[in-house]
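First chain A sits with chain B, and in the next complex the same chain sits with chain C.
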Partner chain A sequence: MSKKTFLKTVIVSVAVLILAACETTNVDPIAASERPEETTDEAGLWLQMDETEKLLKSSALVENDDALNAYVQTVACRVVGPDYCPDLRVYVVKQPFFNANMAPNGQMQIWTGLLLRAENEAQLAFVIGHEFAHYRQRHSLQQWREIKNLANASLLFSMGTAVAGVPEAAVLGDFSIAARLYGFGRDKEREADELGFEFATQAGYAGEEAAAIWKYLVSEVENSDLERNRRTIARASIFSTHPVTSERIENLEALASEEAETGDTATSTYIEATGPFLATWLDADLVQSDFGKHIFLINHLLERGARQGVLYFRRGEAYRLRREDGDEARALEDYIKASTFADAPAATWREIGELQRRSDNPAQALEAYRTYLEKAPEASDKLLIESYVEALQEEQT
Partner chain B sequence: MISHLRFLGLALSLIMLAACTGIEKAGPGVFQAEKSYQVTLGKAWAALPFDARTNLQEMTIDGVLLNVLVLGTDISDGEALIYSADPKKLVPRFRASMTDREIVEFLRDSLEYNGLVDVEISNLRPDDFPPETGVRFNFTTKTQIGLAMKGDGKAVVLDDKLFFLLFVAPAEYYYDLHAEEVESIFDSARFPQSASG
Partner chain C sequence: MLACIVTRLHAMHLATVKKSTVFLSLFILLAACTTTRSMQTTNDATIDDGALKVLLVEPDVRLSFLKASGIAEVRADWTRQGSENLLASMQEVLAASDHDIISYSLSDAKEREIQLVRLHESVGETILLHRFLGVPLPTKENTFDWSLGPGVQIFSETQEADYLLFLFARGSYASSGRQAMAIGLAVAGVGGVGTGGQAAYASLVDTRTGDIVWFNVAQTGPGTDMRKPEGAASLIDVIFKEMPLLHEKENAS
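Moving on to the complex of A and B:
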């Protein structure tokens, strides 16, 4: 037997063994209240997720507000229906980024950055539907098996191409594994989009909102202060785990155009449920220091016509911290505008006082500081502001 | 979770840094912060190496996860307390024009950016930081795994540079354990030229 024939024999034998070890990735959707059998690889995935869920429950990152949690869980149950509802445990996680995820054991995370950016309940419903689709279609299990099989296949591919004298191709084999390790992969994301759309519209939500949230996100990122962020929008590569955004928007718009009736956006219900957290979530978003994105977001929220006092105050805060030419005047204008709305935070008058003091307008500064102290008699910075008032009074006498 | 990894990474980095350059004993007595103010330590502290990238020095008695005193010195306009190899990284940055309240806000934002949760500031008040008047405050926060923490801060801007002290420890037992010592250290902070004043 020649050396080449011997190598071929070995490769074929190993290939047979590797292919025999491959597991099927063709799995049925999970049924309501179904749990995997203990001896399966799926049970192992669930066990790991059960452990992470224990950590999550005690984490300070989980929002504990009963009303907000009840609201999000109610929306989730409306989307997934009464049969699957008991299988889902939704956690609102205090993170300022647009994100949601769902583990194979039924725990779903909705990040506050998503709740901040969704314009209405229909947009939240679509995201929940998308994540639920990953769960129902057992995408985690499929992904796990694909990675294992891919690792085996890549070994085979590397051996074969190396023998054929194409070492560069062997490197490409490993490269494709790396691409698969990120996220669910574009096909599963596309399927989750389609099913998520179906779940949300069957629950009575407006189909066009599915594409609307993505369109908004594209616009927001286009306004980022960081060029690298702006470039991510157009980027498409082997590593794109989600469908390219433009393709995703087109698909979702096409689905919406097929809908015979327009559903509910539930905008007012959504604003009522999330409104009390608006100031806190915007504050957390501003910590990320992307002023371009942040101001774009506030302008978008202002278009809804609700919580104007909070929103003008928060935009003033962004200008105050950004400190570009003209920002001080912009901030003062926004604070003054905020002060005309009943929901303006007490801090609005403190900031007016600060800017008037800087602009050498002691009388206006004093008046604003006094209003602040009246509106927030227990303020954490009361002693500091009182010291400013004292100094201004001394200056005036 | 990424933030957990960041926290672990930070802890490991600290240990590795300590292993490379050594932890030094500081106090009891006067301790001179790098190119900056001085404080009087009533007890012996373990001083970790000064981090020239962020201008921060950490000191601890029982270990950095149980109590940590951070001395921040000579922070210039546009600089951040969070180190990144990417100078364009979007992080909270100090501005020389910040008011006392904005400085406290900057410190709070930096703590939150670095992974602490629900940082609540209380009792902001003017405080002597000879030769200037600075600002003093208390705060509560939580680690991401849910451990309640308490802390104190003091800051001043001198010649457009920020100088500050931060102390943080678990609210249960460890914060109170060295509360008197920390209070005394904060009161003792002054710039050398005003040491007698």
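Moving on to the complex of A and C:
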């Protein structure tokens, strides 16, 4: 046997061993209260996610407000039904981006940036339905097996090209394999969209809300200050893990048009549950300094007609910090508008005082500062404001 | 593995990659036979005389199946077996001492303690990197003064103790495909295809200050297997060889 033949024999026999290890991604949906067998790859995935969940639980990023957590868990249980309800643990994570995720062990994260943008409970329900579909269909397990199989394919490809004497072709192999993995991801997302739609509509939620949240997101991103963000809307490549948003919207709208009954949007319960957090979540969103998106979002929230004091105040804050031409006037206008609503935060009057003082309206400034001190007698900047009040009083006399 | 609605989480993955690289390089750097390197604190800390209370913190173990392609897959059953074997071996070795050894298991509710176990993992990796893997820190040239900090006092709130003993262990075991490939490629003149291995580090920590008074790392080749009681016992024997609590007794006798 020549050295080359021997090498080929070795490589071929290794290839046979690798091929024998190919694992099926065709798995049955997980049943309610089902747990993986300890000797399986799935149990390994669960073990790792159990570990990360322990850390997540004690993380400062997790919202620990009991009422909000109870609300989100209740919506989740309505979507997934009583059987699967105990299998899911929903965590509200303080992150100002639109996202949610699902781990194979039943740990679901809903980010506050998503709760801020969903208009009503139905929209939240579709997101939960989508994530639950990943769990029920065991998408993480399927994906893990796909990764393993593709890693084997990649290895076989490299070994094959090495035997054939074209090592450069190995690079091509890696690209086509990566594209296959991302394509696999997109297919799972489509499946999750469809099943999620089914779960949420069966739970009685309005079907048209599924597409509505995506449509809103597209329009928000179109208003971004950053071209990089605006470009992401239409961008799709063979390396995208998720389908293009326009395709998702089309599919979800098609599904909604087939629905005979109109469901429930549960807007008022949603506003009631999330309302107390609007100010905090908007504050976190503003940290990104994407004023175009941020102001568009506030305008969208204003359309719901609730929490107007907070929302006008937050829009005033955005204008004040943006500091473009005319923003100071816009900010003052918004603060004044906010001050006409009962839920305006005390800081509204401090900001009115500040802007009026700078525009040389001492009488209005004085009045606003006094209101601020009345509304926030324990404010940390109390002494500073009192000194302004004194100075303004002296000016007036 | 997370499936999310819009994009994947990158930060988390990066952190995992960094950590595993430090630790895996141990497998490669240290030879295939069993090796250890023991470190003692240079701090002004002496092990007290007499019988001491030592908390044996539930070991942090993760055992994986190394696939032909090089992907390591965590195995829940091996991890449990390994963890049980290591704990039993530690108990056996320590039972020979005069000290009061108390096993401390980490239920999910012990959030702070779980974080301290993670901290031990991070500090241990830092020690490995800067003390054993050729990236020395100029500020720690002649000192070994690593500490988990006084936060460890939380352990003595539920169980009074003088010292805490932490163990971190990882292992990966090659599939037949991986072994065949390593042999095949070695024949073809390509070396360096890892076939797995086991490594562990242990720390003895002062409950009052959090100072690591003793630290040791051990690495074993495929011969000793912590999934089996004998394998775990030999790893523990090696790692605890110079542990002060046991050493002291030898001197006395």
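Things to note:
Everything below uses one rule, namely that the second predicted complex is superposed on the first by the 360 of 397 C-alpha atoms of A that agree within 3 Å, B and C clash if a C-alpha of one lies under 4 Å from a C-alpha of the other, contacts with A are read in each partner's own complex, and residues count from 1 in each chain.
In this text, a contact is a pair of C-beta atoms (placed from the backbone, for glycine too) under 8 Å apart; a residue touches a chain by one contact, two chains touch by 3 or more.
Just so we're clear, the structure is a prediction, and the values are computed from it rather than from any experiment.
By the touch criterion defined above, A:94 lies against chain B but remains apart from chain C after alignment on the C-alpha atoms of chain A.
Of the two partner chains placed around the shared chain by superposition, chain B and chain C are both touched by A:55.
Touched residues of chain A were counted for both chain B and chain C, and C has more of them. Of the two partner chains, chain C is the only one that A:44 touches; chain B does not reach it. Looking at the shared chain after the overlay, A:209 reaches neither chain B nor chain C. Of the two partner chains placed around the shared chain by superposition, neither chain B nor chain C is touched by A:63.
Looking at the shared chain after the overlay, A:323 reaches chain B, while chain C stays out of its contact range.
With both structures placed on the common chain, the touch criterion links A:288 to chain B but leaves chain C unconnected. In the superposition on chain A, no contact is made by A:121 with either chain B or chain C. Within the superposed three-chain model, A:226 lies in touch with chain B and out of touch with chain C [touch as defined at top].
When the two complexes are superposed on chain A, the residues of chain A that touch both chain B and chain C are 55, 58. Residue ranges on chain A touching chain B, taken from their complex, read 55, 58-61, 94, 225-226, 228, 284, 286-290, 321, 323, 354, 380-381, 383-384, 387.
Those residues of chain B lying in contact with chain A across their complex are 1, 3, 88, 90-93, 95, 97, 99-102, 104, 109, 112-113, 117-118, 120-126, 135, 137, 142-147.
Looking at the complex, you find that chain A touches chain C at residues 6-7, 10-11, 13-14, 17-18, 20-21, 36, 38-41, 43-49, 52, 54-55, 57-58, 97-104, 109, 114, 127, 130-131, 134, 139-141, 143-144, 147-148, 151-152, 154-155, 188, 192, 241-242.
By the touch rule above, chain C contacts chain A in their complex via residues 1-9, 12, 64, 67-71, 73-77, 79-80, 108, 111-112, 114-115, 118, 175-177, 180-181, 184, 187-188.
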